[in-house]
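Below are two complexes that have chain A in common, paired first with chain B and then with chain C.
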Partner chain A sequence: MKKKTIFGNWEASAIIINLICTKIFLNYPRLAAEQGGTAAWIFTIYISVLALVGFTVIQALYKPFEGKDLLDVAELAAGNPGRIIVGLVIIFSAGWCATAYMRVFSENIKLIALTTSPLSFVELFFIVCLVVGAYLGTEALSRLHAFSVSFIASGYLLIMVGVVNYIDFGNLLPILGNGVNEIFINGAPRVSVFFEMLFLFLLTPFLKRHGNMKATGYWSLGFSIFFLVLSALVYTSVFPYPSSLERTIPIFHIARLIKLGRFFQRMESVFLFIWAAAALLYISVCFYFILFAFQKAFQLDYYKPLIIPFAIIIMAVSFIPTDFTEVIIYEVNIFRNWSWIVAFVMPILLLIIARLKKKKPARKGQAA
Partner chain B sequence: MECEYRVDIKKTIKNLLFFHEPRVERPFILTEVSREGEYGPGLAKAREKPRRKKNENLLLEKIEKAKLTGKKESQADEKAPDISRQLSENLEVIEERFSVPLNGDLIIRKFDIAVKDSVIAAFMVFFDGLVNNKVIDDDILQPLMLLSNLDIRSDGDDLLIYIRSHILPHNQLKEVRTHQEVIDTVFFGGCGIYIDGLDTAFAADVKEFPGRTVERPNTELVIRGPQEGFTESLRANTGLIRKRLMDQNLIAEDIIIGKRSKTPCSILYIRDIANDSLVAEVRRRLKSIEADHIMDTGELEQYIEDNPALPIPQVMATERPDRVCSMLADGRVAIVMHGSPFALVVPITNSDILHSAEDQFLRFPYSNLLRGIRILAILVSLLLPAIFLAITNYHHEMIPTDLLLAILSAREKVPFPSVVEVFLMEISFELIREAGIRIPGPIGPTLGIIGALILGQAAVEANIVSPILIIIVAVTGLGSFAIPNFSTGFAFRILRFGFIILAALSGFLGITAGLMLLGFWMVNSKSFGVPFVSPVAPRAKGGFSDAVFKSPVWNQEKRPDFMNAKKDSKQAEISRGWINRGSSGRQPDGGDRNE
Partner chain C sequence: MISGDYIVLIVFLLCVAVYTVSYGVWTWKKGNRFGAIMVFLVAVLTVALPVYILIFKEV
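Moving on, here comes the complex of A and B:
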């Protein structure tokens, strides 16, 4: 007998906030600086507005499908093949997120702290966490997020506050950075930074009511936008534009600047705690969604037998790129340029088709 | 034997490699209560039934039904009247059941009762050492043997009623129809009285157990607050609770645990506050225990807890009646057991193990200071050696240069890697702690001197450990002593070794992964249907007023939401009526805020 899991807005928001904001610790401030130049914060606000518009459209279309996740909607729209195709798309997208982030975080940790440890050893810690998280399921994942995300956010805000004396608003000039064209035209596909909103549409059955989904979406977007804008603003105002393009791990470099008197000069290692926690949670959730989508797409009774094989696949795939730079190139240039189609266009199309299909039999009924 | 062993290994490997359909499990979840004033487990059952779909779990239902009818039949057998009107038959049964004459402390006193010109044979049975001899002599034997000759005015001819109403003046007298009831009473310090010609016996409560009187609690000492602790006597303990909680709805349900030990226990709850399904669940778990002997609540706790593998306790064991009372007032359920000076309270959350009994009696700024220190103590006890290892092995840059040089020069002559050093010191510390508890009292101080010498000066001078590590281990030890809950102290001692290993393997990454895994473990746990990390995860209303930090006592208006108590509020919105001079007091509380 299956137990019906339902969790609150805060738990769901915490998951989505962590999913969207983990990239701050990875490469987001640099991505924003590359795209917007000194106007990285304007660029962030712009893509945030796009994401808000996208979500508003999706949530409005979602109203008749209360309690149904995206795979259910896909089934309504295009039957079993639709569900399987959408399932595979989600599996590949979540799979990419999990593998890429695992590789990048492991490489970064290796670079900072575990210089002599082999990569596979570092990844082992991620694998153990994601396997345990997947075994325990959504309830445990959501509760751990509700508990940890506030600590991660506090740590992040402390770092931001810690470098306040390095902020030079002169670094934000010229105000429009790389130019209107670069920010508003070429920058639009970068709304893919909010790709992880897609996972909210898989959480809908756990949120039960449409109102909860709507509230969760706006709350998580609100917090994420605040954290993303803050990171872009602080990063570009602390580091002058040319040097901001050279930092491999932006927030780590910001944390390195923190000095609290003569004694506390190197606080960046403390940053490793929140950084690793965010990454472990991110990868665990992505991994869970891979299993969830696979189970649902192929209508399996249980997902637990898939955990070990999928964990092995994820670990193996993360070793495929030859080096760290290659993963970053795929992640930034390809995934974060095109994944908006999966996160926003695909749900909108599916919802429209499903709505049309839903209306048709009703009309026929009325005519009869 | 060997063959069995092989089979087991095969089975284990098979279980690991192949998937098995999960067992049908229905974990207990503490659901919201319906209407106030409706009591009893029957209501919870009635609510649960319609949820089951048609044809769902028919087999399970059948098994449950069969079990229930079987139980009812066996219970009916046990409760069927079996006392004979022939006194000699009853005496035979009693002698056989009490293994007379093997039992030296069993007293069977035969005597005659003279009632209205006739002499009736009778006997009484009790254990020497469990009863008050004076009460037996004065209130039972004397009236039956001597005062029964008095000319007492009575209309009825029924001997049973005549004896009960006119001859036996004892205040706690029960009429019983089975030998088993007599036997249970005798074992719990009562005496059984059989009278010829009656198929009913009398069970009188005359207990006077040897044992200590009410003393100060040993493990939960406070400076401010009551100084009484539970004893080993069930009734003294329930009395200590009733003395404080003079609520007419406080129920002390009796239950017998242990097939052979037949240990009497009491389930205590406030009927119009505690959730019915919670009370029913406690009752169900206690009744379901199929063990021969249970001697203490320490054992009982292990039979009823939700997650036996979780190091952190999910049941609160306390020897303070005042603490039990305040937890009962929150809608929790307490279990008191005869022979144990610790009461169990369920459900609890992780924040309860952070609280001490004194918190309630101190003003909120003082309590919050103590709670802050305790949080620090927990972090230190759990993580300090691991963080030291991580910093010295992987994150040297964190240490300011002066301190780094000091540590390096101190470690220069130490031949071991720091992880070995930490383990050596931690194990030595645990040895001293264990030896300190087991050692006979008078030698105790000597142990302290030996410990201090070995762990301190000698180890440093012999270059086995560095002085800084002595400080780390000492602070860790202090941290673990500052944890108010005894079992939680154990939990963090165990977990600390895990974190040391993780830190040795990969520094801060290992510690973070360890914290995440511990977090997963904790958020997945429940204590009697209440998520263990409530009210943080899942978030629950009203739980924060006294969860991690304490708000002023007059501001704690609501019972924690996760308790799903029948009554949400525990005090009026304005509990300090005097702040609204001249008004009836309908404004929100917090005089300072309103001004």
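Moving on, here comes the complex of A and C:
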């Protein structure tokens, strides 16, 4: 009998928290400053509220489908074509996340540490990790997250606390930054920052009960919101607008400022460690979900024979964009503007259709 | 003239593609025709994409 993997709320929450918050080490504080100006923290709170509302709706609709993931729901809603289409959407979305983040993190590591190494050499480290992660499976990945995310979060908070001397709340004025229109109207699609919540609906079979999925969702959203708001607040209060738009790696530039007496300097080395750890975990999980979705969508028996082919494809695709800037343009202007449709609208539509289809046979039975 | 590194890389890619195709054949024999076709597509991309990158892009 095949052993069914079950893991706890903390493991699942750690996965989702890392998935959502890794972008803090990438470009999120700058994205928030671009959108909200000096009101980056207000903008972050606003999109967080939207994400909470979206999740509340989805988890309420999810009650009758306890233990089923989004692909199961898609199959209930639209049969085999539904499962395949949703599977392909998840594969392409997770594929973009994996390739974009791998390219951007590799380019940033080249920028900071390995300046003369070829990009393919840097990416090879990521590929080895995601192949190993995929072979070990979801249980190993979840336990690794449960262990590592606390250290990553502690390192991140250490960096935030370390720049307390440089915080100037005067940099947060004017209070509404780029204006109400930019923050609340044009900024609404940026709820795509929480796109990675979608992966919680693929973890539901591992969480078993609906109550566990609900608790995991709210806890992971809560922690993620706290970390995102803190990053936006600290970044815009340390670097005044518009100079905050110029930093390639915002948290790295914050870490470089830390100098506590004669003993604590060069804290960017701590940043490099937690940044690499977060990136490796993020890409490994995205890669696992690509394989999971591919196996389930096309009803394959095993995903392990596809690990190395997909790893090769991911690495090849990551080299298609000409440079780092092109990846950031696609990530910020396209993915983080439109992926809210995949993350929130698609699950809501599928759940509504599946619920209606579930009610129909019951009504036919009553009529007879 | 193709360098030795590229030849080694292409041989490796072909080995991976052959392994993937064998999984596709097994899936086909099990009755999952559509799944097998998707696995064959993955095998093709495993060779095509890296070769495209080697020819047209700088790594």
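The working rule: the second predicted complex is superposed on the first by the 365 of 368 C-alpha atoms of A that agree within 3 Å, B and C clash if a C-alpha of one lies under 4 Å from a C-alpha of the other, contacts with A are read in each partner's own complex, and residues count from 1 in each chain.
Please note the rule applied: a contact is a pair of C-beta atoms (placed from the backbone, for glycine too) under 8 Å apart; a residue touches a chain by one contact, two chains touch by 3 or more.
From a predicted model like this one, the values you see are computed outputs, not experimental measurements.
S.K.: Assess the superposed three-chain arrangement around chain A: do chain B and chain C clash, or do they fit?
M.R.: Chain B and chain C fit side by side in the superposed model.
S.K.: Return first, second, both or neither, reflecting whether A:305 touches chain B, chain C, both chains, or no partner chain.
M.R.: Touch status of A:305: both partners.
S.K.: Of chain B and chain C, which one touches more residues of chain A?
M.R.: Partner touching more chain A residues in the overlay: B.
S.K.: After superposition on the shared chain, which partner residues are touched by A:75: those of chain B (first), chain C (second), both, or neither?
M.R.: In the superposed model, A:75 contacts neither chain B nor chain C.
S.K.: Check the residue A:107 against both partner chains and state whether it touches chain B (first), chain C (second), both, or neither.
M.R.: The answer is neither, since A:107 touches no partner chain.
S.K.: Calculate the angle at chain A, using C-alpha centres, between the directions toward chain B and chain C; round to the nearest 10 degrees.
M.R.: Between the chain B and chain C centres, as viewed from chain A, the angle is 80 degrees.
S.K.: Return first, second, both or neither, reflecting whether A:269 touches chain B, chain C, both chains, or no partner chain.
M.R.: First partner only, chain B.
S.K.: With the two complexes superposed on chain A, say which partner A:196 touches: chain B (first), chain C (second), both, or neither.
M.R.: A:196 contacts neither chain B nor chain C.
S.K.: Taking the superposed arrangement, what is the smallest distance in Å from a C-alpha atom of chain B to one of chain C?
M.R.: Comparing every C-alpha of chain B with every C-alpha of chain C, the smallest gap is 5 Å.
S.K.: Considering only the contact definition stated at the top, list the common interface residues of chain A for chain B and chain C.
M.R.: The overlap between the chain B and chain C interfaces on chain A comprises residues 302, 305.
S.K.: If you look only at chain B, which of its residues touch chain A in the complex?
M.R.: Residues in contact with chain A: 19, 21-22, 24-27, 56-57, 391, 394-395, 397-398, 400, 506-513, 515-517, 519-520, 523-524, 531, 533, 536-539.
S.K.: For chain A, which residues count as touching chain C in their complex?
M.R.: Residues 118-120, 294, 298-302, 305-306, 308-310, 312-313, 315-317, 319-320 of chain A touch chain C in their complex.
S.K.: Quick check: in the complex, which residue numbers of chain C touch chain A?
M.R.: 13, 16-17, 19-20, 23, 27, 30, 32, 34-35, 38-39, 42-43, 45-46, 49-50, 52-53, 57, 59
S.K.: Which residues of chain A touch chain B once you look at their complex with the stated criterion?
M.R.: Against chain B, the touching part of chain A is residues 1, 3, 7-8, 10-11, 109, 113-114, 117, 121-122, 125-126, 128-129, 132-133, 136, 139-140, 142-148, 262-270, 272-273, 276-277, 280-281, 302, 304-305.
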